[in-house]
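The following blocks contain the structures, represented as structure tokens.
What follows is a pair of complexes built around chain A, which joins chain B in one and chain C in the other.
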Partner chain A sequence: MTDERDLEIDDLINNLDNDYYTAHPTTDSAHVKDQKSRDLNRLVRLWIAERTCPDILPYAHDLLDTIVDRIREQVEFIEVNTVSGDASGSAKLNLLLVETELERVKFLVRGYLRARIHKIEKYYMHVVSNAGVQARLSQSELRYTKRRANQLKRYYDLRFLSSLPPSLQRLDDTAGGLQMVDAPDLDEAVFIRVLHDVPGEIDLGNGDKIELRKGNIYVLSYMVVRRHIADGDVQLV
Partner chain B sequence: MYGDLAAKLIQDSKRTQSLDVLPSYQTDLVNSIIREIRDLQRDVKILLDQQGPNFRASQDRRLSCAIFVLQICMRRNKRCLLAYHALRAQRLEALVWSGLETTSIGIEDDTEDEVALSERPSVASGWHPDEEEYFRGYGDALAELKGEWTDVDLTGSMEPPRDLFIDVRVLKDAGEIQTEYGLIALTKNSQFYVRQGDVERLIQQGYIQKLR
Partner chain C sequence: MALPAKQVGTFVPSEISFLAENNLVTIIPRQAMESVALIGGMTPSMRPMRRIEVPIWVALLLKKQSRCNIVPPQWLSEENLKITYDAEVSNMTRFSANLPWEWIEVGELILGSAPDDLSSPPHVIRNLLRDIREVRQAKARAGLKNLNESYLQLDNVGGMELNEIRSFVTMAMNRLRIMQSTREGVEQQEDYVEPYNQEDDDDGDDDDYNLPQESYDDSMRTSKSYHESYDTARLSSRMGSATANERSSIPSVTSVAGTRHSPAGTNSGPTRNRSLGAFQDPTYTNDNDNDDSDDDDDDMQMDENYLNAVNSK
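Let's turn to the complex of A and B:
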């Protein structure tokens, strides 16, 4: 899978990055370095999970805040070093590497946010009417959703909805056996990798049971493994 | 026949899906469908009024069948209207994401947007005024969201970045851009080796083409 390859490249770049830090006075302690690469790996996982999960996952406030702070640090670092005009070849190469990594991290954050926005827009009626989903959004995402829902409602109203008989003006009707509100299909199949053995067997809902063994990859309905994903025993791939 | 007009609207939607440009808004068609729904609603009311207040659906199966059919037709028309408008709204949103300037934002920006502005009438031609309003409103909402993520540029490329610098060819005159390596004059047919981040927006707007 390309994800695997991306990870390897990330590691390589991390190493180079670390080399750079050790060669320069702003060296971080080994602990901080560990923490940083762990955060990056978490971001990659988060991005993959958000893209493969049919539902909207909880917004990762802490990680995103940390990453954005680091991005700012790096941008500053690059600016300072560009201005200081350290012209030696290796410094320039290092700077390029830092910059390339920066672009990659930005891409991950962008991909993560865009995946969320895509789902939020698709299921906006569901989001607007469901407090449980709203709790999983960030403040700005929630504001955006509500604003967009109002605009869309206004567009429909102006164009035709307000001219219809009152009984037909609703956007969240369930009459006639048809559900107007689109909600995520939680039964959708997802690929998962098991990180820790899950005790006992889990019920697949159709009478079959399955045991989740560490290291194995399964294709299962999202509904069935949702709890284990939240627990961190299982990850989406 | 009931529903014929709505079917036409759906055909137009189908056509819209395969077109690059958003075709004209079908004002007449939409209005006729609204009228049809109201006519149907009136028919239902007349039928019910004839029966008086004590009418129960189970008593007169012929009548309840008639009302049922009318109701179904109205609902179908509404669904078609919703589908048509939802599709158009989606297309408008895609245009906002692709970086098409909204007028309110375009004014305060620099030279490159003047070109976009002068092109606007051709893009927005055939739009209903309500659609322009929606387009602007959505643009503002997205701009606000973007404003909170200035560090990552939300509308940036969704291609994983491979190289920091790329070869580009200029397709349309796009004025000058300021980079950390100085000023670059983007004249038509010239080629440059530039930082991807510096020209991302121009690529999206079609001024510049990325070379492989």
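Let's turn to the complex of A and C:
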């Protein structure tokens, strides 16, 4: 089970960016083949996926490390060139391009992390109690979540929980068939685009069956297409 | 609040536009420029009049400084847009495949920043884009009628168009799904009523489990008894008011007895009018079992008299 999950997570990381450009007829060119631009496109897809997916997706360690390194390089480049300071027209323009792109990439990185933190905060009890979810978090995200959970628990205890009867003090009660712990609802509807034909029909669980053909855009339950998103055949939009 | 509420589960238009700016567009540089190392790769080196492809945001930046001309994409020509419009109108159930994913955003960006590079007058292009957009919006709206909890197909929809309906569609589908599952759950529960209750009784320490059921029953009972008490309260208040009216009318009747035949215009106070009204209804003072309609009539009459008095004053 764990192996399968790990595999799925790896696939998910590797394929999130899968062929962003094949789905974009306007952007077919040699320029795109470049590794760097592929990385950037992966970041774009990650950001979109994290914003639209109900679940917390695996943290893209490698990609984020690479991107952050490159951001650092660009910042150094800007510093060096601003200090040397002879401002010919073209050097200024170069700097302008570099700075503009830098801001754009930083926006993406921020957006990605914010989307994650939003979900992590919302489902912190679920994260704290579930090792599978923790494996998808970065070190700092995990540290943050644990500290936040502890602090909230202490605060609630101090403020009102301690004056309630012991049977009502739990924050993770499952009595009455009701979960107190909020977990992501994987059945939530998501918008997807099919990148590659998926053989066979997809059973939607209520008798409806659909075919996933390249270029199709659907709104359906995340649970139904989760596997195909991981395979890279389907993309969240 | 890591994410503002308006950005949860959807994108704001500026973000969609930001994404569209990553797409490539052909430009004709007006001056030479070395290639620049960016995070997303090198920009191609430029030589005047030599067509190259750059991301739209680079093109817009250069355009702003008049260092290049933008070559509008094929689909954005007047001719192609007209074809697209006809295609859109001829089939009202599907989106045509003539437009790229980010057609609204790219069209907006180029119209906004490089209207002089278009082959046709900008207002012509703008109008065509708007017409196409309206046709497609009508289709999207019509499509919402088919919304169900399992799926919705939207082939060839644009990024911005998708984002416009995203919040509504996901919210509606999630609600429908919850309603559907509740219905199924209820049907199942009805089959299992007996064992369900028995289990509760058997488990001594399962009080918590029992709680929702009980409180539900309680609330039912309460609401029933509430209705009863409400009815009696209404009844009593009606009786009360009737008696109160009667009581107040008795002394006034006696007090106005002398002026009973004087015209209404000479009456000078609400109290007197009130009592006069009461007096004009001979059954009222004698009969405790007045029904509502009598009561209302009486009230109306009193009001009328009061108004007359005030007006004449």
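Note that the second predicted complex is superposed on the first by the 204 of 237 C-alpha atoms of A that agree within 3 Å, B and C clash if a C-alpha of one lies under 4 Å from a C-alpha of the other, contacts with A are read in each partner's own complex, and residues count from 1 in each chain.
To be clear about the criterion, contacts are C-beta pairs under 8 Å (C-beta built on N, C-alpha and C of every residue); 3 or more make two chains touch, one makes a residue touch a chain.
Remember, it's a predicted structure, so these values are computed and weren't measured experimentally.
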Return first, second, both or neither, reflecting whether A:99 touches chain B, chain C, both chains, or no partner chain.
first
After the superposition on A, what does A:204 contact: first (chain B), second (chain C), both or neither?
second
Scan A:114 for contacts with chain B and chain C and give back first, second, both or neither.
both
Quick one: classify A:62 as touching chain B (first), chain C (second), both or neither.
neither
Regarding the shared-chain residue A:221, is it in contact with chain B (first), chain C (second), both, or neither?
second
Using the superposition on chain A described above, determine whether A:34 touches chain B (first), chain C (second), both, or neither.
second
Which of the two partners, first being chain B and second being chain C, lies in contact with A:72: first, second, both, or neither?
first
In the superposed model, which partner reaches more residues of chain A, chain B or chain C?
C
Which of chain B and chain C A:140 touches, first, second, both or neither
first
Where on chain A do the contacts from chain B and from chain C line up?
71, 96, 100, 104, 107, 111, 114, 117, 121, 176
Can you tell me which positions in chain C touch chain A when the two form their complex?
2-3, 7-11, 15, 18-19, 21-25, 33-34, 36-44, 53-54, 57-58, 61, 65, 67, 73, 100-102, 106, 149-157, 159, 162, 166, 169-170, 173-174, 177, 180, 208-209, 211-212
Chain A residues touching chain B in their complex are 6, 68, 71-72, 75, 82, 96, 99-100, 103-104, 106-107, 109-111, 113-114, 117, 121, 140-141, 143-144, 147-148, 151-152, 154-156, 158-160, 163-165, 168, 176
For the complex, which residues does chain A have touching chain C?
23-27, 29, 31-32, 34-37, 39-41, 44, 48, 51-52, 67, 70-71, 74, 77, 90, 93-94, 96-98, 100-102, 104-105, 107, 111, 114-115, 117-118, 121, 167, 173, 175-178, 185, 187-191, 204-206, 208, 210, 215-221, 237
List of chain B residues in touch with chain A within their complex
30, 33-34, 37-38, 41, 72, 74-75, 78, 81-82, 85, 89, 93, 128, 130-131, 133-134, 137-138, 141-142, 144-145, 148-149, 151-154, 156-158, 160-161, 163-164, 180, 196-197
